[in-house]
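Across the two complexes that follow, chain A remains constant while its partner is chain B and subsequently chain C.
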Partner chain A sequence: MGLKWYTARRVAWAGVVAFVILTVTFVLLEHAPDAQLARVQFQAAASGRSAEAAAEAYARRRGLQGPLWERYLEYLGNLASGDWGWSDSRSQPVVTAILTALPYSLLYTIPAVLLSTVLGIGIGLYSAFNQYTKTDYAATFVAFFGVSIPNFWFGIVLLLVFAVRLGWVPVLFDAELARTRPLSLANARQLALPVFVLATSAIASTMRYARAEALEYVRAAFVKTARAKGASDWRIITRHVLRPTLVPLSTILVGDLLGVILSASYLVEVVFGIPGLGRLSLDAIRRQDTALVLGTTLVPVFVAVVGNLLQDLAYGWLDPRIDYGDR
Partner chain B sequence: MSDESLLRVDDLTVEFRTDQGVVRAVDGVSFDVERGETVCLVGESGSGKTVVGESITRVLREPPGEIRGGTVHFDGQDLRSLSEAQLGAVRGDRIAHVFQNPQDSLNPVYTVGWQLIEAVQLHADVSKREARARAIDFLDRVGIPDPASRVDDYPHELSGGMKQRVAIAMALAGDPDLLIADEPTTALDVTIQSRVLGLLEEIQSEFGMGILLVTHDLGVVADVADRVVVLYQGRVMERGDVYAIFDRPAHPYTRSLLDSIPGRGAPRASAATATDSASGPADSGANNSTLTDSNSAEQSAGCCFRDRCPYAVEACRRGGHPPLYHVSGSGNAATPAEAATADGDPDREHAVSCVHFAPDGDPTVVYGTAVDSDATAGGSYSRDGSEPQ
Partner chain C sequence: MPSGSGSDGRGPTPIAGRSRRSFLQLLGLGGATAVAGCSAPDRNGAPTEDAEAIEYVEGTPTGTQTLNFLSVDDMPSANRIQLALDGAYAITPEQETFPLWADITSDEGRVYTVELRDNLRWGAGYGQMTAEDWVYMITEVYQADSNWAGYPNPGDWRQQGEPIPVEKTGPRSFEIRLQSVDPAFPLRPIMWGAFCMPKEIIARYRPDEDQDGLAQDEEVQTLAYAGNLGPYSFERWNRESEFVATRNEEYYLREVDDVPDEWQNAPYFDAYTYEVVPEESTRLSALRSGELTATDIPETRVEQFEGRDDVDVKVFPQAYMTSLIYNQRANGSFYEALRKPGVRRALAHAVDKRTLVDDVLRGYATVAHTFQPTFSRWYSDEQVTEYGVGDTYNHDRARELLREHFGSTPYRYDGDRVVDAEGEQLTLDLVFAQGSQTVETTAQYVAREYDAIGIDVNVTGKQYGTLVEHHLYNSWQGDGDPPWDAGPYNGGPRDQSLSQEPWDLILGITFNTYPRTPSSIQGFTLERGGINFYGYHPETDFASLFETATSTVDEAARRGTLAEIFGALSAEQPFNFLNMGVEVVGYDTAVAGPEEVFGYSWDQNTWRLGQQ
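== the complex of A and B ==
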């Protein structure tokens, strides 16, 4: 009962959050300057017609008449029925555009997130158990390197070295290859650099948090008890420290995931030429494709909402002391 | 003779690296524990008693701690020469620990059963089902009601006393020869305390194991000890049979400790000045200890208790800390403890580290008049403490 009620409330709350984000984006886009409109008006004026009339015709064609709230309500209604609108810039439904781009994003984000999570936690725990040793310092250095270095710059440098100089990986991302043979070695090679760039930044933050959290438990009395029982260090790390460490860490993991999808993916996709969600969204913003911008906004919102929900449920599974009844 | 001892600690020295420098938490501590015997390490916080207990199987965190010298022999085996993996086989199997705070000593995210099964399976090659059956049996033996359902509880669902019972059950899982219990009852309220102590005694008579009990609480010592080792600033101040320590305490520090027990007879007027002694249950190990330089072993001058000692004389400020001198039954013919081998193991004799008990010293300075010892015996602390349940 407690858990179901809790989940229901979380989902409802997620809906509210999604609504607020959508509304803000909608209003912001309404007030952004419209380059296309300006061009239509300019052309009309240049050929001696009324710029005013041209603007009106433009608005009618794009369904921009009527008060803002009316259009917004209509949009929400369509959204609920699965019709996310029509992308003018791509001349296809928004849903289709997103579904086409999504797999390309997943191709490199999933390995990057998995890699950074596993390695980040692993290195973090190791560091905590070997605090102030050379390996700990080395791991800390790598972490700060990963956090500090700008993704796009790092990506360009890696491209120059490994693609242009050494020729180990292709310079241009081959979307056709990725679509037809996603599990081929050639595809793995062209994904190696984007995965590496994304993973370095995400590993760093995961590692720092894992280390800090694990340090609390390394000194805990129950770890001493485990040692006194005769448990080996490996067992203590993997069984006794990992699980309580994961509780606060799961929050950070969801945050990391969002960071990757929201910001890192834009830069990485531009640098490596991957036609994923980041590029799609960026192009949509540039070309004032309102429906597509809103559609692509929904994706990270969805990830955030589901991620938070999963994380809350993970809390309860990882730590039996957490009771959903009174939350 | 020392070969027969279950545990023999010799000249143990442990240092801690801190931001302020190197702290010598334990300085040349020696004692032994026999099978079936309870030895109490007594001292206030910072006396190094916890560090001693944790150094034996090296559950001590290293760094910051570091065992600098001495030997630890367990059943004839030199524990200090063992590798971490070899020690892992001794820990929990032959030497078990129970720690002070039951609130933290169980892993909060696993069930009691999981942790007990782990303890069983670490040292016995048994199936999960068998281990679980044993876990339930151990819970039953330490007096947990309805153990078959309690085994699936999480630690936060148990009371403090229950948790300490679980911790004891876990310690018993390997059928140990030696149990090192560090303030096992300090965090518990009084009625639970005596039950847990009673449980330890029961288990001891059942399993015949040796117990090293680390405590600041002389009431606990009076209840369970066979022999007592009094520590102050990482050094042994006095050691001996529990009757000798309680009836004829020789060291000024021991005497002040005994005087500070509430309800213990009339305070001995001569030692009443140092009653602030037995304070603070937590023994963080490195606090309050003397700061020493790591490479000069014996540089602090004189007796380490001299600043708090009402009997301090000029001799107390010279040389190193006084060695342990044998305390004779009559209270005057004192000889160095190391020389008193005639009546058996010198470590089992009543011995004290105080200049007044040196061969050329005069114990009556501490005892007051010679007759005072009889009066002391009259007002001695009751040893027949509350029996369990």
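== the complex of A and C ==
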């Protein structure tokens, strides 16, 4: 009962959180300066036409007629019935826009997250077991390099070197290729740089956390006992150090994932021209496409809520002393 | 047509990607095999079966929003639609009409007759394009009282608030009856480049005024009705990524005899792709690597491409002018002085326009002196007064003129510095639109030049939307209703209609100078002009001059009147005309066709590879 009740409450809270975020986003968008409207009006007035008529036509095209509350209630009503609305800036349903963009994002975020998680934890553990050695310093350097170097700049430099100068990878992202042949070698080539850039930045924090956490256990009594009993290094790392290290580490994984999807992906997708969720969301905000902004807002909300829930549930599996009976 | 047969391992896409390297290979191969007589294109210019597909890939920063031209208000969308729909007619750089779907004629400049070709066929089974399609679209969409379709320019088809009468005169002809003579009507973007849609499609949504239904119509979204009406056919559209159109083998111009040969065989590419690449550096890298056939190059990056064998940099004159705009409304801190033409002329002496063009814009612009570019047929050297160049760029002279014209204003010189009535240093607020390095540098340069004549300038950057909302929009602050209201940019007389936040100078808002239809600039120059957000009151009677210019058919007389207008504007200096921009485009060197003239893209369908 404890775990189910806890999960049900968390899911219910997710609904409340989503509602609050949607409402705030809707109101903020309404009051943000609309550069596109300003351009439309300016062009109309500059060519001797009526700026007001141009603004009315714009509002009609963008579904911005009527009071705010009326439009919001209509939106919520549609949302409740599974209709996420129509994207005016893309001329397609919001759900279609998101489902079209999502695979492009997953194509490079999944490898990047897997790579950064596995390598980050691996290098972190290695550094912990080889503290203050040259390899530890080298790993620390790599970590700080990854954290410090701006993704945007790094991506452009890599393109210049590996695409323009060496010609190993294409400069332009071929969305049709990615859509039709996602597992091909050609697709892997065009994803190599985005994955590398994203993994470089994400690997650093995971590695540093893993190192710091593992250091707590490297000289712990139970590890010394295991050594005394003749356990191999591999067994000590995987059975006695990795598992307790994973409990606090898992708390940052969801945050990292969100960070990758929300912030780093914006930059990576802009630099590499990938039509993924980051660009979808960014362009929706720039064009003040309300339905699409709200739709793309729901995705990270969903990831955050479900991710945090899964993360909390993972504690119990990683550390059986944790239970949800009294929560 | 090689569609469907081309494959380079990039997936099932029917058109193979074409890089610069393979362009060159193709040219070499084409030369050799042509000698052997085995791969010459057929009469229609269609490649033979064994030829490789040739793709023109243009890199753009933004994608298209819709393919429903009835609601298009952005150039990227219009450009893509134009691949499949030619439009009524084109305008040549010599400002003559070039019939595409139709020819437009008039005897006296008031009643225009539009005659459609007889071989224009809609797709999706809608039959032949007729005058009925046009008249229905104009009257039921463009002139509809409710503007149910959200048409962005409803005012285009009205005069003095009334719909312009449009009447069918035959199966393929209709008349446009203007209420007054307008010899420049064909040059206005009303019928020029106008698209059309089958009456049956519009009629499905007209009764319920169903704008959403029209926007979401599958045939509208895929241009399925385009038939033989454009050089290319819609192939696919990956939003925010690419728009691909393939050569239209049924193109109507192949069947007509009254166009030059190069049009009859057009287009010369098997596919035309717009590749959306938001990041400028990536776009330019793709141009270097040969993955793009063409893309714009900012003036600050042109040097990187000069001297390259594989990229041909072309510079096209543009009609957009950058000005330093003075706030003459009552919420400026220097408005009493800026309302005086003498003061504005003095300030024009303080800014070196040549340095701005040569150093800030790297030579990729031309100096402006009035509201018209020098290449315009309406520009007259004899009438225009030049400031800010040669001898008229002179700080001492600027100070002298300022002293002379401050007169009754609260400002005066105290030593080397300009002070206000309280004896405090005069500091002006210069607001610029963020997003362009050259605009920011220009703002800083202007601040330095003004400092040299004793005026401090505070420079602030704002996002375009914020700048418009805070400084350009102005509204009536007086009691009761305003005596007149010309819209959000000119809410009434300049003493009471004020912007949300005060300002003195603005940079980064470019003005279209309309060299084809120069009377369109009235809104900028009249006290009650719709765009006069800066509160300019002309001393010259521009309204009468414009009335004369627009109503005369005699070109010499128009030229004289317009030259007088632009001469008076240069003398009055409503704002400091700084420079006219250019468009710099980098092309694959194999591309032949683009000429460095204003309006260069009118014959884009005839561009080709050099040896095709």
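One rule holds in what follows: the second predicted complex is superposed on the first by the 292 of 327 C-alpha atoms of A that agree within 3 Å, B and C clash if a C-alpha of one lies under 4 Å from a C-alpha of the other, contacts with A are read in each partner's own complex, and residues count from 1 in each chain.
Rule of thumb we're sticking to: a residue touches a chain if its C-beta (ideal position, glycine included) is under 8 Å from a C-beta of that chain, and two chains touch if they have at least 3 such contacts.
Just so it is clear, the model here is predicted, and its values are computed rather than measured.
Looking at the overlay, what does A:275 touch: chain B (first), chain C (second), both, or neither?
So A:275 only meets chain C here.
After lining up the shared chain so the two structures overlap, which partner does A:321 touch, if you call chain B first and chain C second: first, second, both or neither?
First partner only, chain B.
Answer with first, second, both or neither: which of chain B and chain C does A:124 touch in the superposed model?
neither
Going by the contact rule set out at the top, does A:42 touch chain B (first), chain C (second), both, or neither?
Second partner only, chain C.
Please work out whether A:163 is in contact with chain B alone, chain C alone, both, or neither, and reply first, second, both or neither.
Second partner only, chain C.
If you tally the residues of chain A touched by each partner, is the higher count for chain B or for chain C?
Comparing touch counts on chain A for chain B and chain C gives C.
Quick one: classify A:307 as touching chain B (first), chain C (second), both or neither.
Neither partner.
Which residues would you name on chain A as touching chain B in one complex and chain C in the other?
none
Please output the residues of chain B touching chain A within their complex, sorted ascending.
Touch list, chain B to chain A: 54, 57, 59, 61, 63, 84-85, 88-93, 96-97, 99-101, 104-111, 118-119, 122-123, 154, 156, 167, 170-171, 173-174.
Across the complex, what residues on chain A touch chain C?
32-58, 60-61, 63, 86, 88-92, 97, 100-101, 156, 159-160, 163-164, 167, 170-177, 179-181, 184, 186, 270-273, 275, 279-280, 283, 287
Given the complex with chain A, which residues does chain C contribute to the contact?
On the chain C side, the touching residues are 9-13, 17, 63, 65-68, 71, 73, 147-148, 150-156, 211-212, 215-216, 221, 236, 238-242, 275-279, 281-282, 285-286, 288-289, 291-292, 463-466, 468-469, 472, 487-490, 509, 511-512, 514, 520, 522-524, 530-531.
Enumerate the contact residues on chain A facing chain B in the complex.
Touching chain B: residues 132, 219-222, 224-233, 239-240, 243-244, 247, 318-321 of chain A.
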